[in-house]
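Note that the chains are named A, B and C in the order they appear, and that numbering of residues resets to 1 at the start of each chain.
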């Protein structure tokens, strides 16, 4: 583990944290413009976070320690994943732990803690949101595992950096059936895990439908800021995974500053394009009813499953 | 000589064209009978030639008639004659009572002939792909025959028949395509790779593993179309809702065609895979069919469905004979096809007359038929006895031969099960028949207008001759014995 | 066309045939299912087209165009007409729920791979490697027929089943002899046509195409 490697990982975390709220702000702006509104400026999420950080921390007397540490765990796990996943370079310092399973379980750790926190507060909405979130996670996490596993079969490694490097070396595999199927599966899961339409609506507090927002109702001030930032981070992590696993071009294979700068620009372009597409699509579709969500996720699981069979039998 | 193979399907096809343009009228209504008699005549001519000088081919080997094919053509001719002769009387009654329209009567006549034309292609095609196309064509044509009456029940029956029939026949197509694949992989020429005669020649070189998969599809597919359990559920619905002449044709000849296709594939499989694979599958289907048929015949309340399940039973018996596979068993299977074809078509024709006479297909709706309608009652009774395997009819001979062949081949346990089941069927049919035929007509209400219905002389002559032929073959087999044995040699291991 | 591109295109087209059959299980609106079946027909034609181009077989290219017209346009068009005639755009009932159906279909895909191991072992071409997909599509078509209680959906199941067989046909042997091919195509067309006629008869007699109403015939 070289010093430059650590530097790259740190850089990646810092950049991701800086960019995540901006990306969310951009998605909101795209939506607003498409809906004919002027919309808030791109830096609005940062302003919101700053405002929240200045506010007083209010904690319900009925809550326990889980409620207090959940935002920290959530943010820490999201930041760690942001350092692990190959955004800038395939040779990240945390490469040895940059494993598919590590990433998935780190993300799941945050989800579990948030759900526990939702239950901890003892309110009706928190429990409801937690139960819904767990229903989704129970199908979504295996899908992520299976989908990335399909990609790792051809590489022979479950290391994310190795998968990306292999795709770089053999560009034609990016259009093979298994990677297309895996891409479709991961795309659906990304939508579900980041609470976007059609699974959840990040802009609503309608109690009948909300999932993510229901769990964090009890949070305020700096805690809420951490939860929000973590949610933004997770969105970037998922989108970045999606972008770099299937369209890895531009990523640096070394740790030279010039290459890293180019890689940062490339990943930024990919993220912006992907996020804008999602925001644009969200304008045109309605949220599915809650009982249809498991069907949607089952479909994505099946796609991931087909990706694995394809990678075994067609390769 | 190969001209006759070309002419054969053209006879019913042209008859269909004439009826389609001329309508169902006095001048045309006897043409189908003539056409079927011609088909039978061509079959006999071909049989004589085949026995003298071996198989005949046409269209550069895509069509081929051997002893088995000739025998099947004769069967189609015979069953077709009974069914088409009866359809004249049947449609006359329906038109007189306004149960059908001239337009539908014309469609009925056309479809009957198209079915027969397609069956002629089935038994003359050497190319297994052409054979499949012909079988699918019979399905399509008979679906509309089943739906002839267009009431709720017949619409339901034709839907179930078409959906399940399509699935079954499609499965057989999958098997056929895989056989073609296996054949091509072993170096077969594209133009002959799907020809039965060349497949038999090259069978030892075909890959057994892949062929096993293909045969599984074929057996399930054609087994479904033949009415073997467990995929038989379309059959009682279709046979009971089809107009009596169509049911006679389907039960007498059409189900035999799928069995014929199955047996052709079995020859290839037996050489390439050894006998045990197909035997196991056929044995399971045969015993399951027998048991299913028996259990549903005991409690049956509808006499047409009773006959339909009797078809399941007899297809099961033929499958049992095919599973045994020795020359004696194959001779028995073919003789059974003929006996079942004749007796079943006579029986279904008789049910048509019963329906006109009593207005119901419920067994408990018919009482004292022997008293009211001596001719119909006697015909039905005799054909049921023939189906049960009583002397002097030929089914007795074929059943005895199956029993002997089975015991000789070490399948005594299967024969024992079959015999027990057949005893149950025997009792059930006898009780049902006595209920309908004997007694006084007191309780049953008989519609007044249909009591005026009289069975015409031609129908009487045809049905009696059908039974007489079945009895004659049962008493002495010599007119067809050489043909039967040569045909069985084609199929036997 | 070089080898890699051929394998890619072939696998994508064949994979699309399979994915569309899953989509048909997943979707609820009848019109959407009919469109997916049309996409499946086009993907099937693409498989034949790609193989025809790669092997320089003009006959197969011509057949692929015919298949595309028949299974991508004409037959789905017939089905769409039947759907619109019924004024019942929504599929309501299925014997098993959607996730279960999707899992069952995944299971069937595995079964198709397992059952055709010996067949695939015969050759090492990319076409034959993708051959189990056709068997899987056929089995999923059967699943659709068994689990759905709408007449129109059963028609679509029959069509899907035929698409699966056609896929095996193209992948395994680059199609069967042309005469047989034409016979199969016309039979499929006729069967579809009659299924549609029967659908309208069911609608007339039963006042809808819900197959649970078909219970006149029982033992």
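Operating definition for what follows: a contact is a pair of C-beta atoms (placed from the backbone, for glycine too) under 8 Å apart; a residue touches a chain by one contact, two chains touch by 3 or more.
Remember, it's a predicted structure, so these values are computed and weren't measured experimentally.
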| item | value |
| --- | --- |
| Identity of the chain that, by mean CA position, is farthest from chain C | A |
| Innermost chain, where centres are averages of C-alpha coordinates | C |
| Chain pair showing more contacts of the two, A-C and B-C | B-C |
| Centroid spacing, where centroids are CA-atom means, of chain A and chain B in whole angstrom | 65 |
| Cα-centroid distance, chain A relative to chain C, in whole angstrom | 36 |
| Centroid distance [mean C-alpha coordinates] between chain C and chain B, Å | 31 |
| Chain C-facing residues of chain A, complex | 172, 175-177, 180-181, 294-295, 298-299, 301-303, 305-306, 309-310, 313-314 |
| Residue ranges of chain C touching chain A (in the complex, touch as defined) | 4-5, 8, 11-12, 14-15, 18-19, 22, 26, 97-99, 102-103, 105-106, 109-110, 113, 126, 129-130, 132 |
| For the chain B and chain C complex, residues of the former touching the latter | 127, 129-130, 132-133, 136-137, 139-140, 143-144, 147, 150-153, 155-160, 162-163, 166-167, 170-171, 173-174, 177-178, 180-182, 184-185, 190-191, 194, 207, 209-210, 212-214, 216, 236-237, 240-241, 296, 299-300, 305 |
| Touching residues on chain C, where the partner in the complex is chain B | 115-119, 121-123, 135, 138, 142, 145, 151, 154, 158, 161-162, 164-165, 168-169, 172-173, 176-177, 179-180, 183-184, 187, 190-191, 194-195, 198, 201-202, 205-206, 211, 214-217, 219 |
